[in-house]
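Each chain gets a letter, A, B, C and D, in the order it is written, and its residues are counted from 1.
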Amino acid sequence: MRISFILATMISAAMAALSIAWSVPVLVNGQAASFAYGPLVFAIDPLTAFMVVLINIGVLLGMVYGISYLRPYASKSFMEALVHAVAMVTLHGSMLAVTMMRDMVSLLIMWEIMSMSSFLLVLFEGEKARTRRVALSYFIQMHIGAFFLLLATMVLAGQTGSYTFEAMGLFYAQKPAWMLFLPLFLGFGMKAGFLPLHTWLPHAHPAAPSHVSGVMSGVMIKLGIYGILRTILFMHGDQSMLGVAILSVGIITGLYAILQAIVRNDLKRLLAYSSVENIGLLGISIGMAVLGTSIHNDVIATLGWTAVLLHMVHHMLFKVVLFQSAGNIYVATHTRNLNELGGLMRRMPKTITVFVLGALAICGLPPLNGFVSEFLMYAASIEGMKNSGAYFSIVNFFVLITLCLIGGLAIIAFTKAIGVGMLGEPRTEPARHATERSWFMRLPQQIAIGIMIVMAIVPQLMIASISAVIRSFSPNSDIVLASLMPTMTSLGIFNASLVGAVVVVLALRKIATRNAQRREGPTWGCGFTEADARLQYTSTTYADSTVQLISPVVRVHAHMHALNDADVFPHARTYTTDVVDVIEESTIQPPIAGINYALRRLAVFHTGSMRTYILYAFVFIIAIAVVTIMGVI
Amino acid sequence: MLSFSNLDVISLDAIPVLSYGTFLTTVLDHMKANDARHCVNYMGYRLPNGDLECFCVLADDSTSQLFVARYHLAASGTMALPSLSAHYRAFHIFERVLWENHGVQFTDHPWLKPVRYPHDAAHGATIDSYPFFRIEGGEVHEVGVGPIHAGVIKPGHFRFQCTGEDVVHLEIKLGYQHRGIERLMVHPSTMLQRTVLAESIAGDTTIGHTWAFVNAMQALMRGTVSDAVEIERAIALELERIAIHIGDLSALNLDVAYQLGSAVLGALRTPMINFFQWWCGNRFGKGLLRVGQNRSSLTPALQDQLVETLDDMERRYRPIADTMFELPSVLARFERTGIVTTEQAHIIGAVGMAARSSGLRRDVRRSHPHGVYRAEDVQTHVLHSGDVMARTYLRKLEIDASITYIRILLDRLRTASRDNGTLEDRPVRELAPRSMVVSMVEGWRGELVHTSITDEHGALVHHSVKDPSMHNWFALALSLRGNEISDFPICNKSYDLSYCGHDL
Amino acid sequence: MISIALILLSSVFFIGIVNRTKSIASGRIGPGLLQHLKDIVRLLKKGSVTSTSSSFIFQLAPTISFVTVIVACLFLPFGDQPSILSFQYDVVVFAYLLALGRFSMILMAMDTASPFEGMGANREALYGMLVEPAFFVLAGSFAVLTGHTSLNEIFRDMHLGSGVSYLMAAFAVYVFLQIAMVENSRLPVDDPKTHLELTMVHEVIILDNSGFDLGMILATTSIRFAMFGVLISNFALPPMVPLWGKIIIAIVVMAVFAVVVGLLESFRARNRMKRNPQFIFTLTSIAILVFFTVLILTNKLVL
Amino acid sequence: MVTILIILFVVTLVYVSMVDRLATFVTLLGIQGVLLFGIAYMELRDVDALNLSFILAETLVFKGIVIPWFLQRTLRRNKLVKEAEPTVTHFTSLLFVTAIILVSFLLAYTVHEEHLRIGYFTASLSALFTGLFIIMARTKIITHVMGYLLLENGIFLLSLAVGNEMPLAVNTAILLDLLTSVLLLAFLVDKVGESFQTVDASELNELND
């Protein structure tokens, strides 16, 4: 049954080859190209070309991984496998198409195809009730997003009489920008996962199979960012307040999501929240770039746009790595709960090493590529503090604080994931018996890591190759980029030499200790000889001290029958926790509860008797007749 | 139950042998009668015919009375009994020892776990395999500290159930220092050997334990010592109290990283214990107390030296004590840390300064006085907050009180008679046959109870030792609940409990 | 060049001076100034024991931590003497290098499957997260003040003139001093002296390290301390003084820094663990005031 | 110079948020009084001697010395050592006060009134809000009074912020009002002190005598 998926991968590869062949020239010489297929017009400008490359790399890595990831699912029927394969190709195609559309209506159609196909992909393990529920919720929330896009289309068409993107420019020139931008941001932001529209993400990612969640998190949510970028492309004039607004949303999204990631015990959910956090970072960068453009500060604008574009690629790469490694762990242990894992580094070292590298990158630490884009964000915010009036100086000051808080919190989240889930001693039997996965299941991650290393060592080339895209956002970027290049070159050399220095010191250490005696022994346990795996921090307790600081924002409910004063000799206790996404609880739950309530009320009519239904039909027809006669319709 | 008082020699025949059922109801009735009653000892030993003879001694702090009841368990009979601990938690440790040593199965005991021996010793399990209380769910982590600690402390294992930095529950497992003191005591040996053994029960309570032992023996010999000897012993006991309290204050400062306090107070402990060196040739007072006599008496020259030492100590101690108890960063660590409520202290039967810092007035010197303490001029302080601050500040108050008291005793010593004791001339006599004596002394940690039982030939058949730590270790465990794990060292040091006194 | 030489030189004596101050304050003679160095040398020669629970991360992390600190030192200028490495926005690199070192040490600690080390890792991660904003706010403020973004140029062009700028410098020095105390796990956040597993931050992370690695970790700590010393002494270097004068000033400042650390540690107790986050976050609050002061100094803000 | 004093004043606010010993709180209030004296002295040197001496008396004597001394005495008399567990943690307080300072600043910056001087306005708003926050977040009556004192310091600064336009009478009236309330409170606490103190706290406070 995997044949269908392999075939799909081949089709995708062909699609990728074709689209990249079209896109690369656009990236290189900055000239937009387009071709028509019937009424559909596929246009490739630098931004599209950039997205095409991003999408293709992400999807192909995912599909190659999927070939071996799907092996344990041999019991699936041929039909199910076929649907999955077709949905995957459709998703790939529709994502490519979304970036190539030049008017709102065709974009909406492609958007819808993209949502539907990803819905089918999430539904892969549909035999699980939870997966079905999550998929349904995803489906509904995507359509709320689509509704906002539709609204935006109507606003656009109503005001300018045209659906094309060029009309946006017209609109922005005449009307307050937010009137159009708000529904667009809500629609695209739903896909991207800006707060409070992120609520589908942490559910859909863990429910989907790992190759799909890699693609969804690495690639598909970037389409939301693409939408926002595309919209901004047509803006002009002073949009500084809009920039501050986006930036604020980004700050809140980033901080909130990384706090949520810290308290999650489900590895894939942690990764999903980390995706939201990175969307927040992108939002911050977009905000800064818009701000920079508005106050005519080319340095800030250029740094901002470069950070946005680079971080999109970077995040795609390390998110693919992380989700696929998490997939490998899941296949090896059949659990995603960090409290049940542990000790994997000694059992599947290659997979975990890749995960650690991915984590290093996503925390924005040197010497990997995540650092390059975070460096640019910091640079933009420091420039913002330096080169603007007091007001924007303070805004950028907030950005600076947020960036380093997010950086520090990300370190907590990922040291938790690695330290609790992968290092130390295994906590349960499945983790104890985990074994390394095949080379083919590790290949896509290693490829991605390879690209990441290249991007970290020669960031200046990466920036040069997307300079056309940056130019389309900020026309004067070339001068700034020219002065930025030496810094980026130094940064690349720094990254490389940092690794080199570690290697050199390691070699020296090796030489210095060649005569020293080396023994192995158990970890120091104060002389107590019956140590067990319970004597390790758990995922819950590792997060606890952070949770206590931020308790109003992140609520962790602990369930344990408390020990009171008289309980000198306590009876058996169980301690469990569950985490509440406060925003999800306050935005998504009430309407759902309302709908549930309404449906329960409606169930009164649902008697199960054929005669009542006929009665309903009869009443309905009469009602229609009456309404028609009254001339209401 | 038979009523008597501290150091009374009672004939075994005067204690009625009850059936276990009657024993249970009698003890419970007696406990119910008065809130000031607590169990000071409950132990058993094998009769020559293999039967188990058990004694339970209760103390009433308000009336200075002791009560005793006993029962027999036939070797062939059932060993499954309902427990006292089910009603009064404080009995738990005694019943666990009975279970461990003699195989008595207490059916409804809430915490039937080993005290000194390895768990399930018969099957060759190691001492480390202890059935710890654990919180299930996989989200709480455990921290195991010991038996080898950071710093040189004695061995014990502490198992914390933690949620992050907070401790949900602490369980303490001891028994690493089990030497079999009680067995060695009755092992045919000379009185001197036994005294030396009593000196070694707990190194920091040498005077206290030796005095309790010596008192018991003297009582069984139906002899007395002179007033001067009694006063000297009281001075030694109070000196020990001062020395250890100062040492603990220093250690508490070290644990909160207040270097000045730790260094100054640490240096102050030395002159106090050095005085013992001058007095009796051993810094911890070993070799001072003997049955019927003190091996070296406090000569006028030594008295002067003691006054001088105290003056000098006070001069250096006052400023640092004031500074320490006014330094916000130190107080911030002590206050509201490791709280044990009065209710908890009562439930677990805390004694000594652990009890006094949690609002229970328990001081043998006042409630069951012996010798010089009958004069009632020693001051007892009680604090109510039950936190580390209370225990620390209580130490300061007790140091002050002891200094005052030593000065009073020194005055009295000048006029005291040195030859009104009946044991002076013939220090070793026969012990009274078929008798029992309960000797209680308030060591610096709390009540030390030595219970001796002789057979018809006047030979010691059982000598039971109860160190205050037996009860108070549980207070430490409770004080950690809901506290930060990083406060464990200061909670631990604020009690400074004895490992060997518990393990015996 | 001079700064790295100064850092290496002073790192030899730094812990020695701190410990000596502490011992004198408590009425003891105390260990020799070079005791710490001797300890390190002895450890470097010794054999090692590694935990059976651990993986290559345990072996790798001390090296990474060491390298990050050394490389971070390379970014530090000395007054107007440029540093070895320098490019725009290298303040970010400086902070992220330290973060990388922290990341690797945290993983190393978690690798041993020991609850103590998990505890230390957890604390290190939290405090690291809280201390970082203070550093960045200061760095950003100096960027605003001097108009430059690399440490080199910032310290070259930072001239203190008015009373307000002295106040700002005083705040900045205070914050850097406290950051140094936090990063190096000194009082009142951590207590390097009482070796109690449950109360430590940094020391408990390295509980299972031995031999060469432990020596390297101790060396890293003293170098990092000295690095902050040089950073702080940079505030006290007037531009017109000749180079040798500056070196003398720097040495004096660092000696004073060490003595101040020693005295601070002698006369107060350490914080309760839960008070630490708030203590550390105060630094950010103070740094924010530095930022406002800078806005005033640069006339972005007119009072 | 004035700027320095204002910044130091804001620093004391940061520390106010994190103290948990009431005595430290009082000391901080005293420091604020002295700082206000400095600020007022620098600002109002040209005002006539009577007014000047009046203001100086108000700041240095009352705010800097009398009220702190009186509060310390009340604390000592009533064995009040530590703030009872506050309703919010100190960390949250610290976050709040930091936010208050930032928001006050933005507010001051946005208002941009001709007569308003941003520095004073920021400091005074911060003090006002911090005082209100302390009153809301803490439980003891004595801490409430200290919150009011913070508030009053804020008002004093505000009067400086709007130039010399706010009549001194208002300020004086507020001060008198507060002085009365402090006295009343001290009296009240002295009277009911024993009933809500545990025995042990009274014993603990032998060390303060």
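By definition in this document, a contact is a pair of C-beta atoms (placed from the backbone, for glycine too) under 8 Å apart; a residue touches a chain by one contact, two chains touch by 3 or more.
Here the structure is a predicted model, which means the values were calculated and not measured.
**Student:** What pair of chains is linked by the largest number of C-beta pairs in contact?
**Tutor:** Top-ranked chain pair by contacting C-beta pairs: A-C.
**Student:** So the centre of each chain is just the mean of its C-alpha atoms; given that, what is the distance between chain B and chain C in Å?
**Tutor:** Centre-to-centre distance between chain B and chain C: 48 Å.
**Student:** Report the inter-centroid distance (CA atoms only) between chain C and chain D in whole Å.
**Tutor:** The answer is 35 Å.
**Student:** Chain B to chain D: how many Å between their CA centres?
**Tutor:** 51
**Student:** Centre to centre, by mean C-alpha position, how many angstrom separate chain A and chain B?
**Tutor:** So the centroids are 63 Å from each other.
**Student:** Specify, in ascending order, the residues of chain B that touch 2 or more different other chains.
**Tutor:** 141-145, 162, 164-165, 332
**Student:** For chain A, what residues touch not just one other chain but two or more?
**Tutor:** 390, 525-526, 535-537, 541-542, 545, 548-549
**Student:** Where does chain C touch two or more other chains at once, residue-wise?
**Tutor:** Residues 115-116, 118-119, 122, 197, 274-275, 277, 284, 301 of chain C touch two or more partner chains.
**Student:** If every chain is a node and every touching pair an edge, decide which shape results: line, ring, star, complete or other.
**Tutor:** complete
**Student:** Of all residues in chain B, which touch chain A in the complex?
**Tutor:** Result: residues 89, 92, 110-111, 126, 128-129, 133-149, 155, 157, 162-166, 168-169, 341, 343-344, 347-348, 474, 478, 481 of chain B touch chain A.
**Student:** Within the complex, which stretch of chain D touches chain A?
**Tutor:** Where chain D meets chain A, its residues are 91-92, 102, 105-106, 109.
**Student:** Using the touch rule from the top, collect the residues of chain B that touch chain C in their complex.
**Tutor:** For this pair, the touching residues of chain B are 141-145, 150-151, 162, 164-165, 253-260, 262-264, 267, 327, 329-330, 332-333, 337, 484-489.
**Student:** Given the complex with chain B, which residues does chain A contribute to the contact?
**Tutor:** Against chain B, chain A makes touches at 265, 339-340, 427, 525-531, 534-545, 547-548, 558, 560, 563, 565-566, 568-570, 572-577.
**Student:** Could you list, by residue number, the parts of chain D that touch chain C in their complex?
**Tutor:** Where chain D meets chain C, its residues are 1, 3-4, 6-8, 10-11, 14-15, 18, 89-91, 94-95, 97-98, 101-102, 105, 109, 117-120.
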